[in-house]
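So that you can tell them apart, the chains are marked A, B, C and D in the order they are listed, and the count of residues begins at 1 in each.
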Amino acid sequence: MTLTPEQQAEIDAARKAPRPTLRAVSEGMERHLYTAHEVLDHGLVRVIDYMGDDAAITQAARVSYGRGTRAVSNDEGLIRYLMRHWHSTPFEMCEVKFHVKLPVFVARQWIRHRTANVNEYSARYSILDREFYIPAPEHLAAQSTVNNQGRGELLEGEEAARVLDILRDDAMRAYDHYEDMLSQDGQKGLARELARMNLPANVYTQWYWKVDLHNLFHFLRLRADAHAQHEIRVYAETMCEIARDWVPLAYGAFEDYRLGGVSLSGKAVEVLKRRLAGETVTQETSGMSKGEWREFEGVWE
Amino acid sequence: MTLTPEQQAEIDAARKAPRPTLRAVSEGMERHLYTAHEVLDHGLVRVIDYMGDDAAITQAARVSYGRGTRAVSNDEGLIRYLMRHWHSTPFEMCEVKFHVKLPVFVARQWIRHRTANVNEYSARYSILDREFYIPAPEHLAAQSTVNNQGRGELLEGEEAARVLDILRDDAMRAYDHYEDMLSQDGQKGLARELARMNLPANVYTQWYWKVDLHNLFHFLRLRADAHAQHEIRVYAETMCEIARDWVPLAYGAFEDYRLGGVSLSGKAVEVLKRRLAGETVTQETSGMSKGEWREFEGVWE
Amino acid sequence: MTLTPEQQAEIDAARKAPRPTLRAVSEGMERHLYTAHEVLDHGLVRVIDYMGDDAAITQAARVSYGRGTRAVSNDEGLIRYLMRHWHSTPFEMCEVKFHVKLPVFVARQWIRHRTANVNEYSARYSILDREFYIPAPEHLAAQSTVNNQGRGELLEGEEAARVLDILRDDAMRAYDHYEDMLSQDGQKGLARELARMNLPANVYTQWYWKVDLHNLFHFLRLRADAHAQHEIRVYAETMCEIARDWVPLAYGAFEDYRLGGVSLSGKAVEVLKRRLAGETVTQETSGMSKGEWREFEGVWE
Amino acid sequence: MTLTPEQQAEIDAARKAPRPTLRAVSEGMERHLYTAHEVLDHGLVRVIDYMGDDAAITQAARVSYGRGTRAVSNDEGLIRYLMRHWHSTPFEMCEVKFHVKLPVFVARQWIRHRTANVNEYSARYSILDREFYIPAPEHLAAQSTVNNQGRGELLEGEEAARVLDILRDDAMRAYDHYEDMLSQDGQKGLARELARMNLPANVYTQWYWKVDLHNLFHFLRLRADAHAQHEIRVYAETMCEIARDWVPLAYGAFEDYRLGGVSLSGKAVEVLKRRLAGETVTQETSGMSKGEWREFEGVWE
């Protein structure tokens, strides 16, 4: 990741000049503000702004439930209760704004989450930088033979080298041609909004992404999951660490109930009840399909 | 409006204790934080938290449009450009959270705006206070004779007095019966979630309402409008004043392009062009219906 | 529930006149179209329009996953897979529009679900009918002594009679006064938008409510749940029956994974694993709070 | 655009087999169902399903405004009134589902509209086809010299030829390498989710896109506009023609008030009033900036 000297100077200046506020302040989040967390080979995540903390969640819940919530002894218990019972609105009271630099194919997955605010760098207006994601060798995986959307073993030796050469060469050539087509040196120069179409999906873009905590958790549950593509998962994992420092109680509840939690179907509940009662249950007697049984057994064995 | 001594003490304490932050700070908004602005007879609006300022809007726009925006000489010009061209995403980068106390019939209009986060006081969990909206005499208007959803002349004398008596008496009786039904004194006491059904729509509720600036402006355009019902308009007007102090450049653009702006149909553009060329145009030669013409002439005459 | 003769005639006419379409048709849903399902004492649910069927869900999934989904042997297996893995977008491809007549306090809960389209009868424009929800004796419950938002035992004898008298009398008096204030007989007549504030929360309103299947399921999961208030649950249950006929495969998956399913925290998974391994686990050794343990044991005991 | 024989057979079969329905039917839309409208060199738009018609809009409005709307003499007048006064919810009662095949750089603009449902062909699961957008010579424009995001004159002669060669060659090479990397012939074969990153932004993707009429109109207003990029505008224009046949009254109102309409700021209103009163107003005396004045004069001169 490369910050220009101007960007670095701007960050340093911002970090040196705290100002007084009457708003809720999360000390853990203040430490992250503006700090660029490196992700992949040229990517980054940094917090630009935030609103609220753990207390904002319980405060909102107490407005909703009024005197009724006085019985809950403490904030952690209340936050865990809200998470367990899928009360989403108190978590919506916190908001965060990230600056993210990421490859276009990751951005395309990310934007599927619609309940967020986005300002992306526009290649209609401006010229993209010569920065492309090239996987590290330890992430250069073959197509899975059992899962249509998964990865299998690592590529090795000559095949790995050839793939990396292709990715690097094609990216560099595409960018050279992008510059050639844009150039106004002895020619008119193609419109930016057209020239960009030559750039491959591993070119880096960047955006501001603003989201409330409930929707951030929803995003993280899907994208920090073991089934998410590695290249988006590393962003999600970075944001998990940030959220842990920002709202430690809410993150703790999220980790236990969502990241570490399991959803059981009615059929699965029945199987577990029979097992707890001492019965031996197999796929054939479970009422589940083979695929479902395999996933179920993956949790309990 | 009545704050309990505990609430007032809490506000005073919060307002006395500024803490350092590295985030963007809006001085104009800091002065509003926690201050209860009175609305109607028992209502209030106060800012609980906010995120961003005018610079956050231009910063987001400059991420989107990159080097392209360097040409725009200053922040005010850029913000006006964004507003004029309906660029909504930069305005979404600012967020605000209000505590609002309002009559239920106002809350029912308000909640139609779906792109916001809400935590409302729950009458399933808790007991509502004995507070009802009773219109001031200068707002006690008759049904409009020309507009199905508007108000006409003021009620006067005996009729006005009788209406106010009805509203007051029915509210008090309904609340007395609410308390009677809830009471566990010598009886079981009806469930709160049932007893509340006896309360009329002028009872006060309260909520936390969190919204981004783009959607706040959309709300204010519709609800600070002369056609909005008076009882919601006074809330919108209070929030306009707050927004003016929070993001003065954005609010200025909003005031010029939205609150003070006019939308013309293609037909209306043609009529104005003909008039500017010296032609006399009447409803008959305008191509507009009578109702549309009346609205059009209301702007230009 | 009362349909006017005009409404009934309109329904009968619509049901007699099928027209040809090239769109997907759900035979099960065609039978529901326009049929008023009675709910509570004056409420109703009826389907006004719909789009899509079970095949629309699998068709969308196959666009997403392309050749990859050919391996899944059948539609039911694919739909169960999508539900199990929280793939929401294929279910969003189906849409339904209901006409619902419901008490205002139910409408206020319902509208909290923001991802739907709503057109509600406006009491600013028009005059509400004299129809109020009065609970049947078997639903007149006392406040729960263990749950702030729940119901306990039924009210009995004199207390029940007194509550019903209050609810009926206050509703009738409020409506009489509503009519008095509106009346233009010898007086100006109060504006409708003001007069409505005298009506209690058990007055009936009505709306068109349009939602996609994913969000309908989300609504039904929360509102057909045993913890939902009875008066909204009966609407949800009616809509469950309709959804079952509309999209039987999707509804079957929803029933197994959501209505009949259970979410386990990481801690709960650990407890079950220890039990399956033969260990005796108590609240003290579970790592759960008492409240959480009580809910957990409620599932497994 | 290429349909496989299987796809064509499927379309032909669907179009031959009308089924009876009790739902609202739009004859104009039935003629579009499944028909592939060609866009760009390999793209398409076709309607897969729809819900509602002009009458659904007025029906919803009449539920909202009740008896109050009886005064409006006809459906067209009511629909124009709703559009003029920004009543959005009645238009949300109609829904449409399109199948769209489009270049990735167009898809990236399109997806910015968040209030829609999308199922996109997944290049994690499946292999993309060898289809790339190559501009026709009459759309191969130079960068605008006055507008950072616009196009200027056409490229000519050798420059045009060279650009087309680059785009074609790079696309073909990228696809050859994509296939090479995926191949399991004598090697493991790179995971699909990685190999796709080599494909440029003019590769075609496809999706199902479902949206309500209000949000479709919002999309069309922005994307059928003269300032929209040509490559998305041609899709928007195709969808305008479809909407015109589907809901002719609503489309007519949209065309007059939105596509052909103009938004005036308060300042612009003042200038026009002064001109109508005979005054000569220049930029210097208008209170507008130079940029704003240029846009304003563009409408009125």
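Note that in this section a contact is a pair of C-beta atoms (placed from the backbone, for glycine too) under 8 Å apart; a residue touches a chain by one contact, two chains touch by 3 or more.
From a predicted model like this one, the values you see are computed outputs, not experimental measurements.
Asks: Among all the other chains, which ones are in touch with both chain C and chain D?
Replies: Expected: A, B.
Asks: Please pick, from C-D, A-C or A-D, the pair whose interface repeats that of B-D, with more than half of the contact pairs identical by residue number.
Replies: Match found for B-D within C-D, A-C or A-D: A-C.
Asks: For the identical-sequence pair chain A and chain D, what's the CA-based rotation angle in degrees, nearest 5?
Replies: Rotating chain A by 180 degrees superposes it on chain D.
Asks: Express in whole angstrom the distance between the two chain centres, defined as the mean CA positions of chain B and chain C.
Replies: Their C-alpha centroids are separated by 29 Å.
Asks: Which whole number of Å gives the spacing of the CA centres of chain A and chain B?
Replies: From the centre of chain A to the centre of chain B is 34 Å.
Asks: Mind checking the centre-to-centre distance between chain A and chain C? Centres are C-alpha means, answer in whole Å.
Replies: Here the centre of chain C sits 33 Å away from the centre of chain A.
Asks: In chain B, which residues are in touch with two or more of the other chains?
Replies: Chain B, residues with two or more chain partners: 65, 68, 89, 112, 118, 122, 125-126, 148-149.
Asks: How about chain B: which of its residues touch chain A in the complex?
Replies: 14-15, 17-25, 30, 33-34, 49-52, 56, 59-61, 63-69, 89-90, 92-93, 95, 97, 99, 117-122, 125-127, 206-208, 210, 212
Asks: Help me check something: in the complex, which residues belonging to chain D touch chain B?
Replies: It is residues 65, 68-69, 71, 77, 80-81, 84, 86, 89, 112, 148-149, 222, 255-257, 259-269, 272-273, 275-276, 289, 291-292, 295, 299-300 of chain D that touch chain B.
Asks: Would you mind writing out the residues of chain B in touch with chain C in their complex?
Replies: Residue positions touching the partner: 103-105, 107-108, 111-112, 114-115, 118, 122, 124-126, 133, 135, 140-144, 148-153, 155, 159, 163, 166-167, 170, 173-174, 177, 180-182, 184, 187-194, 196-202, 229.
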